[in-house]
Every structure is written in structure tokens, then in C-alpha cells.
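Going by the order they are written in, the chains are A, B, C, D and E; count residues from 1 in each one.
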């Protein structure tokens, strides 16, 4: 991770020395979101944000925080079921976008008879299987390699809180994301969370008060872009409040 | 067409459960408005209202036209509410939704029909010339409570607006530009404010100023428009859950309290703005003189 | 007064921005990529819809004209092929006008040109697109240039300067440039000669784009591209605060 | 050509059966009526307190219409007088006063049909047809003349309350007829070209369609509004007031407008207009003869044009073929005769409608 | 022109000869049209409306459904038309008229909470109302006519929705000249609506609970209670009359 941030705007050309230098020359450079390659050698940005690189993976991408979620393969998402068609559920990831499909059998040990019956507007935690430009994205609630749910599936109860896409990435990227508010809260509170890359955080604390406290703490960390210290303060305040 | 976003089962149940336990999502008491902000633009007659995450701008403008033939002694006043896709992609220009129609009707009844503006004072020469006033409402951000926020914006903008001064000699009217003569505030007879009450749990729970999520799960609502003198200008309960008459009467007294607070708030913001302007006005005058 | 901008002031829209300069204030919102109606669907690229809404009244032919100019300009900077069969919706709301343009119609029949509002609209649209993280091939900056009867060229004139009788403005021009100094839009109105247009274009290019030779002397008026960069840096820096806060 | 509503869902076999029974001599109608018999209807007139004239008619098939006639005083556009009036016209004698001449624009008709916009072809066509007949039928518009400066503007608003199940023309025409018969204008109290002043007493008002006697009970009408009848032909048979199902096999459909005759001529009624209407039968699906159906051992034709040509050539009894072509001239003649002759259908209808008014 | 209340003061009678708490004559019929699934004709004084109901029938694919029935529930469509001849002056109101749209919205949301909509998913129930003659209390007349037509159509509802108008007139009692004292009036005609602050209210089954309450005129808050009390009482009586019509039809 770069220490000093390079903030780029669309149309900026990335200088070669800003790109990661891989130890292994055979490993091709991977371009993440917000970068495009104009042959032969030029790499330019397409969205505004901070340039991030990972020399281990030999990858570069743009960190950005606003805008609408666009599905990409292997993202974890929280989807809302809109209706059920013959073989699949139609779900939405963000409002006003075309639906994605969730096959009826894409649940752990689901058969025609045992598949979960989801009501309209129910929530599911799922992973994006395919998201190409030209077909409707598909999502699933099982890990195709193990056939197990791996934590995916219908979300019962709880509440969803909208969070920024940057926050969703932070929450999902473990230590690197620098989010410790949930750990802090979990010392005194018991709750479940699910994070969707589509800017949704599902929290179930068993009761309204706990759920709300957790959800709103994360939202505060998000909107105020709080670092470690700030988060500890939030945790203290929330725990004292309960 | 883009479908409107519908709230998930989990959210619906959570919100209702919360209300049963006396908790609102944002921690407000049941009878509290969200934080209200009111800012005025550089020009006269522009009010920018933020009610929580809901944001509307009202802009009042005037032009000189001939009055309606059947209302020779009255000026013209119109409120225009056209939603743009800015607040929600579901809004389509030129195709009013039901919500837009209702907003427009309620503002019409609350402000225009209740005679908040003295339209006779907009007359310049009877039957020949009058001011035609229009209030344009722009919805920028929609997180519920659109009617209440819009009404505040229009009322504040009307109070903030200054129309050009006129001098009438017989059949001739001279309209002075802002530079020539200090423009004149409108003659406003009373200040109607809308308060929307939402009902839940078969009418057993009543919320003031529901946000969008709360609006989506409510069972019915009543919009009460009052002024601080205790006059009800308009009541609109278009169906929904049935409510006891006493509960509705109770709403009017809660509304009166809220209306008094909001009216006072608008007044305070207007005074602050006037003070700010006065300083600016002096400087402007000086610099104008320098320019000459 | 120096131009001012704010990124993402709105909550509901995917991206938004406010921008004010020279007495004009515009608030812009971008929604997208969203579902597109069958009628407007393009098989290979995203459709772009631009709505310009005047401060007072409902839009008329003037707004439709501005919309088509902005739409065709944005089409060239948005990478529309990244999101085929979707819609990118740009809504631009004019919130305040210079006194000269908004004052009561005095019946003199003088109608204010539609060009001065175009650069703020374009800039707001660009900022809102940046806020919505819509993939762009480049950013855009635009400016207004006036040429007086005496042949004097004035960049980014205020409304007061335009209507002042002594100014005798004979033509108005709007230019928009990309980061790579490519001309994206040129709209002119009035009487002018080609030579004058060329020099106006040069003046505009300097006002919009970073100078090639490197940094300008301090105190120089900030150019369009630098302004955009400053605004974005402010926003991204704020959002990434958590990294440095540790 | 008039647009026709309401597709009937009948199979080719049913259509064929219906067509052959209607072609018999005398025809056998599904509801057992004689060719000139109308369906029963419920009608009342003068039902609205606020209109000058009104009527409501319900047909047995459930279709229902309400017509309100409203008259408002309107300023006339100035017209140069054709001749100088002598100063001493006797005002008391109506016969002496120069009769005013009305204009077509003084009568305005609008038709509302559920599910249709005002500018859809069906309402526009129907209102054109009814207005045409109304203006042609006599001196109605002249009676709207008040003085040189003012006239009555007559608004005829026709509401179809039910969905347009059958072709709604006859229903709307009959209802309009009744509403106009009941319409009255207040008595004029002012004189000549003064601003008009009217008698508040509704008892003193005069009917728009005058009768010979001045007092109740009125005697015969001097003039009557027109009626438009729907007539269809199957083979050589002429069938009046066709139902929706019958229209589905019509070979020709005509709308005939006529009004009571003012002079004592041989014919009881005057013919005002005839319009042919595109019969819905043209759009019905044809039956497939066994010979062309591979399922019944026939040989299926290769193309649709081929199929049509082959069907045409066969013209088998019992296989439905949608009618094509126009109406024979002598058939039109026979229809007209049946309508207008003394004791003919039109006279019968007009008399029947008059009775409704008397009874109400 | 202020309402001539002198007659009222003397004889305690209104201009049309009614007492303060008297309804106008309500005359109603059901099953007036064979082609509709349900129909009604209703007169409240000189206000006349005709209402037809079709459905529950197969729904049009949601699309731009007016009240956009919830998932798994029927969709209720309401269309109201003012006949050109219904008013004092002949006037045509376009389909886009906002006041008419507001009335239609009122009926649609009011009846949506009364009809057992969940019994008919993917279906549409449509109510068509034609106003033939306007003489005050129009919204109330529309609601009452719609109730009758829905009953006639056999659409299951929890109860009748009945409506009437109530007003508040300056007091006639000589004791106090203050503004706070006022006399309520029941069931207004067009002339009274022009002069007095009034409200339209609808209750479920003539009970105490209010489903619809629409007031468009400015009035002191203290007067509302009296208006509501009279209105609720009026609705009770309307309920009995409508009930009589329905029961009478069965005989």
C-alpha cells in the first residue's frame, strides 16, 4: 500500500514509476477498477479517486467511494428478492437497476422440493457468480466448490443499513480496511452482521436496540471516515449508552 | 420504466417492531421533526430547506402581466411543483406521479386557497397590469416529508421575496429596477405550515415527520396545515387506516405546537439573513458609488 | 468571486455536485447506470439523458437546446461502452442567476443569451459525473469568452460586464476542453471574424487547461482543470482520512 | 371508414351457423326477433335538474348512455345584415319578425366513452356522424338565434356509462334524440337587440323542438331531432338493430340518419345521411374446410394466399368465410325504402320515442 | 356575497328549508346497469352520481398502475369524470385535472383499506364514477355511490364506507358575539359550500372511526370538534339509508 496518496482524475496518465514493480517479471500487471490500458504502453484513469497498488499481486486500482454499485464476479452482496420466475428468483442489488437472477437451486442442499421459499422483498446474502457486460448477472448462495452455504443464504430478521461502497470494501478487506468498531462492540454485545458490496450492511442483534446501535455506529464511522481512535470513541459511547 | 424501490420485509418488520418499543430508526421522539435547516440565496425569494436528508428549494419570481378578466383587482399567484429525476429516477419529467399531484394540491389548498398571500396587493392597475408571482419548487433530495418541507420552503421564500416598486400615474405604471428603488416585501396575511402525521399499528402509533422508510411502511397519514394563530387551513386524510375523531383532534393541537415552533424558526432565520444583508447592502452601496 | 464547488451534497442521487461562479449556481445530480426504457435502449452503449431545469418556470426550447448541447458533449467524455443497455441520467438544476438575468421582465424585449449559463452547467455536470464515479475518458472544463466591438477579448466575463452598455459585446463564445487540450465544444453567437475566434479559443484554452510548461507563477488565476483537481482532492482526501487518522 | 370496436369471440363454426340462420328466409335471429324488431330498452328523460334537457337509456345488453343538453347565451360574431330592417317591425307577431339564421358552430357535441381518449377515432367519428345528422335535420340552429348580438350555444354532452359492448351508435343516437326532445330554453323577456333577459319561470320555457300546441298537454311535434339507425345485411336479408353477435357475420353495415318529415309528402321521414360501416365480420378468422386440413385427410395449402384462393374457389356451405366486397346497389335501395316509407321502421321508432317522453 | 343567514336565525331553517342537522333527500339504486359487475345511482339533494364497478378481473400487468397495488394484492383503479353538463356553467374538465385526480386518489386509498384486497392477487378492481349533477358534497356522494356499487359487485369489504359533509356557521345564539361559538351544519349544498368552512368525512360503517377527512377552507381549530361530531352523526344516518337501499334491493 502506498503511504502518500496519489489522487487521480479521469484522463490522467499513470506514470510508469507509480505502478507496482513485481519481483516476478512473468506475472502480468493486473488493472483493477478505474484504470484502462490504451495500447501500447499508456495506462489512464477513468474515475476520480486514490491510486492504490499491491506489488505482491502486481495489481493497481483506483479506490473510490461514491457512485452506484456495479456487480462484478465474486462480490458478496445483499440482494432483495422481487419475484419468483420459473427456475429462479429475480433480485435487485440497487434500486432502479435491472434484476439479477438467483437460481432456485443455488442454496445449500436445495432440491426442487427443499429449496427455500422466499417471499417477495426478502433479503438474501449471496455471491456474484457472473457479471458480464452483456448478460444479466447471476448470484448464488452456495460455494460451487464445496456445495456448502459458507454463511450465504436468506437473511432473517435484523435490519439493513445503507453504507458507502468504500465502507463495504473496508469491512470486507479485514485488517487492511482499518475497521475495528465491530470488534470493539462485540466485546459487550452479541450480534451478527453481513456486508454487501452493494452498499448494504445487515445487522441482527436479537433486539431493536442492539441492532440499531451497531448499525448506526458503523454508519457514523463511514460518514465521518473515522480512524482507529475515532472508532474507539464511538464504541465507548455506544456501549455506555446501552 | 424504472420501478420505485420497495422496502424489504426485514426493514418493514424492524421499523414496526421498533415503533412498538418506542424507538425510531434515527432515535427521535415520536412527535419530533428532523433537524430543520433553512438558508436563503443571494437573491431575494430563494429558500433552501433541509429537513433531515430531504432537501427542497423554493424560488419566488415575479413578472408584470395583465390580470385575469374575471379577477381585475387581483394579482396572479401560482405554485409550480414539477419533480425532476434528481431526487429519484422514478420521477419522469412531463409525467406527474400521484405523489406530485397530491403535493401540488395540498400546497395549493394550504397556501393559495387559504389566502396566505394578499393577491390584491399585487394589482398595479386594475384590469390592466398586475404582478404575476410564481413559486417554483425544486425537489433535490427526497427522504420523506416532502409536503412539510415544501410548505416551509414556499412560505419562507414568499417572506424573503421582494417585488420591484411601482409608481402609477393614471394609466401608466413605472416599474423600478432593484437599483432604482428598494424593492418591497410581499403582503402576507398568515403563515400556513403543514405537519404530516403517519399512523402505524392500526392507528395506535402516530409519528410526526416520517422519513422515507417510515413513509413506506405507514398505514395512513393525515396532513394538517395550520398557522400560528390556531387556524386550520387544510386537512387531508385520503383514506388509509381509520382513526378515532379524538386522535385527530389531538393531532391538531400537536400540529399547532409544531407550527408555532417552525414559524418562529423561519422568523429567526429571516432576521439573521436581513442582518447579514444589511452589512452587505452598505458595502454594495459604497462600491456602487465608487464605480460611479 | 472565485468559483466554488461541493461534491456529493445530495444523498439520494448516485452522484451530485453544486457549483457556483459568476453569479450562477447550479446543482447537478447523476443517476446511473440505471435501467433504461426499451425506447431509449442502445445495444452497445449507455444512453445519456440530460435534463436542464431553469431556476424559475418549467423548461422551454432554450433548455432543450442546452440539453442537446450538453448531451452531445458528455457523450464524448463518458465511456458509454462500459455499461451497455443502461441509462446515465444527468439532471442540472439552476438555483441562482446573476441579478441581470433574473430581474423582473421589464418588457424591453431584451432576452439574455443562453450561452453564459452553459459553462457552469457543463462544469457541474462534470463534477456530478466524477462524484457518481461514472467512467470517463477525460474531465472537461469550459469557459465563456466575450469579444467586444473594439476587438478586446475578455475571458469569463460577469453578467454585469456583458450587459453594461459600454462593453459593446459583439460576440460570445463557449469553449470546452479535455485534459489533453482537445476542443470538445465550441458554441458562438454574434458577429465575429475567424481570426478573432481563433484568439478567443486560445484564451479559453489557457483558462481551461494546465499550462504545458509546468507550474504557473503564484497568484495566477487558477485554471479550470486545476480547479476540478482541487475539488476532487478535497473530497477523496476527506473520505480517505481514516487511513491517515491511525 | 368507421372504426369498429369489440371483437366477438366466436369460432368459425359458430359464425358459420349464425350466418346461415340469418340468411334464411325469413331469417332466424339468435334472440328470436323479427328482422325489423328492436331490442327492448329502458329509457327516461328529463332526469337532471341542472341541464336544459337530458335522457338516460339502457339497452338490454347492459349498455347505458346519458345525454345532457346545456344551453348558454353567447355573444354572436358580428355579421353584416343582408338587408336593412324596416324600423317598424311588429314585435308582437312572431311571424313578422325576420327569422334569425343560425350557424353550425352553435351546436357542440362531445362524446365520452370509457377507455377512450377524446381524440380517439371512435368518439370522433361518432360525434361527427351525430352532429352531421343533427345539423342537417332542420332549423334547430336557427332556433338558437336570440337577436343579432346574442345566440344560444347548445352543448350536447354524451356519456357512455358502460363499456362499448356493441357498436354504440344506435344507443347514443336514441339517447341524444330523447334528451333533445326534452330540452327547453327559458322564455325571452327582453326585446330585439337588447342584452337578453329571460323569464325565471321554468313553466314558461319553450321546448327546443316546438310543438303545435302551446300549453300542456302538448300536441304533435312540429319538428323532431334525428335518429340514426344501424342496419345490416346478410345475403338478401335486411336486419335492424343488430346485436354484437349478429354484427360479427354482417356482410354490410349501414348507419342511416333520418328525421321526421315536416311536409306532408309520401314519405314519413326524411333521409339525412347514410354511412357504410366497416363490418367487424371482415376481421373474423376463416374456417378451414376439411379438404384443406391435413388433420382431416385434406391437403394443406402451401401459402396463405394459396389458402385463400382455394377457399374462395370452394365456398362450401358450413365453412365460415369472412365476407368481402361492398354492398349491392339494389340492397341499399331496399334498405332505404324500409326505413323511410310510411309505416316504415324510422317512423315506428320516432313514434315509440315520443311516447317515452309523454309518459315520463 | 355573504350567505343570507337571516332566515336561519329566525326560523332556524337553512335556505333550502332544512334544519341544521338535517340531511338532504338521499335516493339511491343499485344494479342500475347490466353490463357492469356492480353499479349504483345516487342522489344527495341535487347532486347526482352514477358509479360502475368492474372486477375483480385479471389485472393489467402492473405497468403504471395508479395506486400500484401491493404485491399479492388486488389493484384498485378509480376514474372520476365530471359530465360537461353537471355544473351551473357547462364546463369540460380534462382527464389531467388535479382536483379530479385528488378525488380519485382519495377513493382509491380509502377503499383499498376496506376491501379485502389480499383475496385477489394479480387482479384489478376498477371503479368508474360519473358526476351528473353538482350541488355540493360531491366527494361524499362519490364515496357513498362507490360503496353501493362495490356491494352490488359482491366485492368483499370489512364494512360500508359512508361519507357526508359538515360545516360550521357563525352562531345564531344571541348570547355571545365571540368567534369561538359556532353552529355546525350537516350535508352542505353548493351554495353553503361557497360560504362556509366545511369538511368532508367518511367513517367505516357509520362508526366513530374516521377514514377520510378532507377540509379545504380555513377555520379556527376550536370549531373542528363540532364539525366532526355532526359529521360522524350524519355518516351514521347515511349508513342506515344505504343499508336500507341494499336490503331493499334483495327483496
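Quick notes on this one:
Here is the rule we go by: a residue touches a chain if its C-beta (ideal position, glycine included) is under 8 Å from a C-beta of that chain, and two chains touch if they have at least 3 such contacts.
Source: prediction; values computed, not measured.
Listing every chain that touches chain A and chain C alike gives B. In terms of the distance between Cα centroids, chain B is separated most widely from D.
Among the chains in view, B has its Cα centre nearest the centre of the complete protein Cα set.
When every chain is reduced to the mean of its CA atoms, the largest separation from chain C belongs to D. Between B-E and A-B, more contacting C-beta pairs join the chains of B-E. With each centre defined as the average position of its C-alpha atoms, the distance from chain A to chain E rounds to 53 Å. The distance from the centre of chain C to the centre of chain D, with each centre set as the mean of the Cα atoms, comes to 62 Å.
Distance between chain centres (mean CA atoms), chain A to chain D: 69 Å. If you average the Cα atoms of chain A and of chain B, the two centres end up 39 Å apart. Multi-chain contact residues of chain E (touching two or more other chains): 71. In chain C, 31, 34-35 are the positions where the chain touches two or more neighbouring chains simultaneously.
The set of chain A residues that touch two or more partner chains comprises 96, 120-121.
For chain B in complex with chain A, the residues that touch the partner chain are 2-14, 17-18, 21, 23, 25, 27, 89-90.
On the chain B side of its complex with chain C, the touching residues are 1-3, 41-43, 46, 48, 53, 55, 57, 59, 61-64, 80, 82, 84-89, 93, 134, 136, 138, 140-143, 163-164, 175, 177-178.
Residue ranges of chain C in contact with chain A, taken from their complex: 7-8, 14-15, 31-35, 77, 79, 82-84, 86, 130-139, 178-180, 228-229, 232-233, 236-246.
Partner chain B is touched in their complex by these residues of chain E: 64, 66-67, 71, 98-99, 101-102, 105-113, 199, 203-204, 208-222, 224-225, 228-229, 232.
Listed in rising order, the residues of chain E touching chain D in the complex are 32-36, 46, 48, 50, 52, 54, 79, 81, 83-90, 92, 95, 128, 130, 132-135.
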